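Across the two complexes that follow, subunit A remains constant while its partner is subunit B and subsequently subunit C.
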Partner chain A sequence: MKRLWLILILLLFLTTGCWDRRELNDQALIFAWGMDLNEDGSYHATAQFANPHSLGSSEESTGKASFSVSGDGNSVYEAAKDLQAKVSRAWFAGHRRVILIGEKLAKDGLANILDEYSRNPIVRLRTDILIVKGSSVEDILEVSYPLEQLPANAFFRIHEAADMNPDLTLLHFIMANASDENCPILPVVTVHANPDVGLQLWGTAIFNKDTKLVDYLPLKKGNLAQWIKGQLGSTIGTVKIPSEEGDIVVEINHLSANIQTLIVEKNIQVHVTLGGKGILRESNTHLDLSHSRNVVMVQEYLNEQTATEVKRVVKEIQKLGTDILGVGQSIHRQHPYQWKGLKEEWSQHFQQAKIEIEVKIDLEETGMTGPSLIQKKSEVNS
Partner chain B sequence: MRISGRQLFWLVFSIEIVLTMLYSVPAAVKEASQDAWISMIVAGIIGLGFVLLAVKLSMRYPQQTFVQYSQTILGKWAGRIIIVPYFIMWMYLNSMALRNSADFVYLTLFTKTPLYVIMITLMILVVYVVFTGGLVGIARCGELMGPIILVVIIGTCLLSLNHLDWHRLTPVFADSGWTGIMRGTIPALAFYGDIIIFTMIYAFMSKPKQALSRTMWGMTLSAVFVFIATLMVIMTFGPILPGRMWAPFFGMTRFISVLGFIQNVDILVVVIWLFSAFIKLSLFLFVTVYGTAQWLNIKNWRRLIWVLVPLILVLALLPQNATAPVKEYVEQFWIPYVIPINVIGIPLLLMLISIIRSKIMPAKRS
Partner chain C sequence: MTTRFKRLLKKAGHTKDEIFLQDEGLPDQKLNTSLQQNVSLLKGVFQNCSDVIFRSLPVDGEIKLMIIYVNGLIDANGLEEMLLKPLIMAGYNAQVDKSSYFKEIISKQAIAIRDTKLVDHTSRVVEGILHGQIALLAEGESEALLGNMCQFEKRPIGEPGTESVVRGPREGFTESITTNIALIRRRMRSPKLKFEPTTIGKMSQTQLSVAYIEGIVKPEILEEVRKRLKSINTDAILDSGYIEEFIEDSPHSPFPSIQNTERPDVVLSSLLEGRIAIMVDGTPFVLIVPMTLWSAIHAAEDYYEHFIYTSAIRLLRFLLLSVSFLLPSIYVATTTFHPQLIPESLLLTIAAARENVPFPTVVETLLMEVIFEALREAGIRLPKPVGSAVSMVGGLVLGESAVRAGVVSAPTVIVVAFTGIASFSLPRYNLGLAFRLLRFPLLLLAGSLGIYGVGFGVIALLIHLVNLRSFGIPFLAPVAPNLSGTMKDIFIRMPRWKMNERPAFLVSENQTRTPKGQEPYKSQGADNEDVR
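Up next, the complex of A and B:
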């Protein structure tokens, strides 16, 4: 009996395990995926594959490290199937980290295409999604980027170098969209006019609750919005000192944001406190920064001027009625019972909310010099 | 066949933890959104109540299994009739646990392999351990695999720490209220109800006195980790997405990325899942086969394996898709019938009759 068992089990090893055999040589790895809308309303998908022959070898490679193929269809998977007809190996999306969305599709709404990106068990939720502005998705995937072997990585790393977390873009988008409070945002890339540079992170795209693209914020304004959301690592601030001619530039790290809300008889008052630690990087003024009262003065102007700037951006966002800042979320968390009455028409309430901005940056370092080394002795104001 | 207290502890832990962690979280979050962790605390406490009931009843007859002492309490015929709902429960548990296990492998790893092949492969292993090792073999497997399950769960929890945001737990209580929180306990309770199967096991304890404490500890450890898993899932995915995901804890482990190079650790969760499924399936099969043999007065319980296993396989293939066994069947059969009748009703009734009988006829108790 025991021997029979042993034979049965050994037989088992021979009979199973081949259904799901997938050799690496039989697969085409997708690294970036682009979606856009055709004239007739169908989707146009472009996949960027790695070229296995030119990857990883130290010798002079024979061709480009990647190539792109496009397909059409009424859904993501249909387009992918159409695309497969032009590829000699089965495509595999497990390494896909970047999804590019065309402007036209973004304006039409992303609701119909996002499902596949979280349903397929091969695909990972850690994915970066970017909106392509000013050119077609197909074209931007053809752009070769000098620093990266695979152009797909350039999108991801440019986004990362801007001190945001590109890994979490898709998750944050889905979470904001599923919530009652928030409107989602996505980063925007464009093709740079200079073909050697190739790509450029342009700013932030604002979506409404129907996942439709409403408006863009250019890079600097977008960064301020991300600061309020708490999703930005660092930024810079330029200070104009009224009594001086030049500017002072401060790098701001350790960004923090705190939103306090107050509801007084249906009037929503919001107090946003933005914090950070500043390092003075450049001074084109005559100030002697070895005196701490000058540093304090710079800090005060920095806080004041940043607050005005942020306020302008917030006004702009409020006008659109899209709460990308997390104000509704703060009200929900701080006044959960009142929120139940507000959430139905939150867009209008958000437009009417009184939002105050306070910036509290600590200017901690002024660099290796006190006064600028360039200036004559008589020019330095102490 | 005798098992030790430590073996019992690991058996309870490995059976309760993994399935509950994976499948009860989405249902709880759907009902109680960000307050699902409160539901899990409540469910854990009620689960301990189940343990108390099952152990106290069994300890009145420490040498007898559930099938035997129900006949001691109610007499030969009534005692046998009362086993009918348990037989249905055993068969159901066996086939659904098999289906769950196979579905998990099918969805996460082998999407092109036919489902029945995965099931038969699993079942051959299970039959092997039940047939050759009996309860002792299962208990030793539990002693070996249980600690691995624990280590992997702790490891995945630690690796997930870097993307938690405790703000996602707020506002506490305001959105769901007591009704939402209590409704959120039901899915976890459905899994904790499996503990009733151990009324068939306590008779094999080498030291019956340890039964209560070891089962309690096993249950507590499971409940604590289910609670932690719920907290972490909500802090990772917010209050809405976990309710829509198939197994959010698994989704969270897929999401792990530490320093950019510790990634794709989800395969470890598949491994402990298979461990847990293996122990669960073999213990359920043992209880079903052994219980049925005692119920029908069959001397050689091992022979029943060849009758019941094909039946279990067929039953496991009946559900149309992967969500039915973890959702619809639980809602329509397990929660309204099995939990109130098999897990609470009949044991309480037996307990009551047993106490009354021992008071009226103290001499008759041996």
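Up next, the complex of A and C:
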């Protein structure tokens, strides 16, 4: 009896049918995925595969490191299966970190394609999902980027270098979309005119509650919106000193945001406090920054001018009626009972809300020199 | 033994033991007074034993004395100086008065041999001769004089080959048990250190010695050791490995439950922890019981080097232990079942390297592991001058060319090489063997079931390990079962002034080893303030 069991267990290892063993050289590794809409309304999927023959260290590597294949279908998976018919190996999406969405599909709404990206267990939820502006998804996946072996990594790394969290893009989008309060946003890339560089992070795309693309914000404005949301790591601020000719540029780190809301007889008042620590990186003025009164002056102008700038962006967003700033979330948390009344018509309420911006940046470092070394001594204003 | 053979034996009227004991059929009778008869009896026993020398001493033209010894087992110079010369000087005058000749020469101290005794049975004479004693027979005497002049060629004390240290004593055991006991005794001048002699082996009559420290050792364990040794019944013991197989707790487990060492200092430090050493004549390897798994990461040098460094090295060894066991399996499981677990750029490198390899990863890894084991085996067995050729062929030709030819991928070679290095770094060779062996089944599990299989294998191994015992002591003690307070010398080593007590699970009563409060500076008090 014991021997029979042993034989049965050994036989188990020979039952090849139920194995999911798959060698690396039997798989095509997908690193980027693109979705767009065809003229007839069907989906057009493009996958960028790594070409293992041209990767690795050996000098024998030839050819492009990646190639793209497209397929069509009425659903994401159907398009993917159509795509598989053109690829000699089973594809593996466990390392897909970038999903690109065409402008046309984004305007049509993403609701129908997002499910597959969170349902399939092999697919990462930590994916960077980007909108392609001004070119087709298929074309942008053909663009090569000189620094990265795989162009797919360029999207991710550019996004990362802008001090945002590319890992969480898809997750944030799904979370914002599922909530009552927020409207989702996505980063936008375009093809750069310079063929050597190829890619450019362009800005932010604003979506409404139906996951339809509403409008774009250019990079700087998008960053400010993300600051309010608390999803930005660092940014820069340019300060004009009225009494001086040139500008002062400040790098702002440790960004923080605090939204306080007040509801007075159906009027929503929002007070946003933005904080940060400033490092002065460039001064083209005659100011001697080793004097603290000058530093205080620069800090005051910085706060004032940044607040004006943010206010302008907020106005722009308010006009669209899409709450991408997290104001609704703050109201929900701070006034849970009133929120029930506001929930239904939040878009209109958001448009009418009175949003005040206060910026409190501490200018902590002014660099190695006091006055600019380029200035003559007589020109320096102490 | 097949049943057919048993039946044959029964027919012949033999039981198993009788066959076995036939070798013992020495004539056991009393010696008589006739030298002639005694000698012919012994000559019959030692027929065709060319190394047994019968040397007659004629007195007044008549052979009245006979010296019998084994050539090479006795001190030849001493024989001349201390036996032959005095005997010739004393002359033979048997039964001049009432006392016997032998008693006379002993009382007169005519011969200068230490450790003499009189026996009157042939079996005792034979036994004495075979143990390297000189037998002296005389005409008219019904007794024989046995004198101990045992001396034989032995290897000088050298550095132990299997456990070398950078810092620490360099003496290793030799094949002579007398030397080995002396090596231990020299380091421990206490009457509490006991050596209990026994003899095992019907034919080889191998001397054993059970060493322990009275008052520290647990009597139950000591009794168990005695009991198990007593039950051994075999013809010859050629190495302590013979003993080990007879007395170990789980003979079917790949894990050894008995530690072996070539170093006197290791034996002594084990004795001080309440362990028991079994020394066997004819081999430099001394057995130490009970053994725990943690000795796999403890080297002799750990106690001579600084404790911080030692602790770090122990953690490294623990890591290497896991690597030697797990790395190939994890490599196979992740690349073939779970590529999403491998960082992207590493995956691309592996994928690029694997592109032209004709075998599945598990076969490839198995192949390389077998080649590696073959190289290692060849390196051990071959004569030293040829050994370098093997490593050349193995390292350069197989490794480099196999990768270039695309038969195996470079990452696999790296994984197998690192595994090999890791398995070399374990101080206990026999424990390393167990892990070395077990990584093959684990590799197959990984190749068929992925990480699930690896987890399954590791859990099975852990279940096995916690069930192992070595002379009643759990193999994973004191970690599992968790005996807190005895962990000062397991994964890390505390400084000597912190290790105040012996491991409680091994020791009977004498617990304190180093009284507390001996930390430098603190114990020396305020007097030293200025010196600082």
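In this section, the second predicted complex is superposed on the first by the 376 of 382 C-alpha atoms of A that agree within 3 Å, B and C clash if a C-alpha of one lies under 4 Å from a C-alpha of the other, contacts with A are read in each partner's own complex, and residues count from 1 in each chain.
One rule holds in what follows: contacts are C-beta pairs under 8 Å (C-beta built on N, C-alpha and C of every residue); 3 or more make two chains touch, one makes a residue touch a chain.
Fair warning: this is a prediction, and the values are worked out from it, not measured in the lab.
Chemist: So if we stack both complexes on subunit A, do subunit B and subunit C clash, or do they fit?
Modeler: Aligned on subunit A, subunit C fits beside subunit B.
Chemist: Once the shared chain is lined up, is A:Asn25 touching subunit B (first), subunit C (second), both, or neither of them?
Modeler: second
Chemist: Applying the touch criterion given at the start, work out whether A:Gln149 contacts subunit B, subunit C, both or neither, answering first, second, both or neither.
Modeler: second
Chemist: Put simply, what angle do subunit B and subunit C open at subunit A, by C-alpha centres, to the nearest 10°?
Modeler: If I round to tens, I get 50 degrees.
Chemist: Applying the document's definition of touch, where does A:Phe92 land relative to subunit B and subunit C: first, second, both, or neither?
Modeler: second
Chemist: In the superposed arrangement, which partner chain does A:His53 touch: subunit B (first), subunit C (second), both, or neither?
Modeler: second
Chemist: When the two structures are overlaid on chain A, which partner does A:Asp167 contact: first (subunit B), second (subunit C), both, or neither?
Modeler: first
Chemist: Please work out how little space separates the C-alpha atoms of subunit B and subunit C at their nearest point after superposition, in whole Å.
Modeler: 5
Chemist: By the touch definition above, which subunit A residues appear in both interfaces, subunit B in one complex and subunit C in the other?
Modeler: Touching subunit B in the first complex and subunit C in the second, residues 19-20, 124 of subunit A appear in both lists.
Chemist: In the complex of these two chains, what residues of subunit C are touching subunit A?
Modeler: 335-337, 339-340, 344, 347-357, 360-361, 444, 447-448, 450
Chemist: Which stretch or stretches of subunit A touch subunit C in the complex?
Modeler: Counting only subunit A, the residues touching subunit C are 13, 19-25, 27, 29, 31, 50, 52-53, 55-58, 61, 92, 94-95, 97, 122, 124, 149-150, 153.
Chemist: Enumerate the contact residues on subunit B facing subunit A in the complex.
Modeler: Of all residues in subunit B, those touching subunit A are 107-114, 117, 121, 124, 128, 132, 163, 167, 170-171, 174-175, 237-238, 240-241, 244, 251, 254-255, 257.
Chemist: Residues of subunit A touching subunit B in their complex?
Modeler: Against subunit B, subunit A makes touches at 2, 5, 8-9, 12, 16, 19-20, 121, 124-126, 167-168, 171, 174-175, 178-179, 332-334, 336-337.
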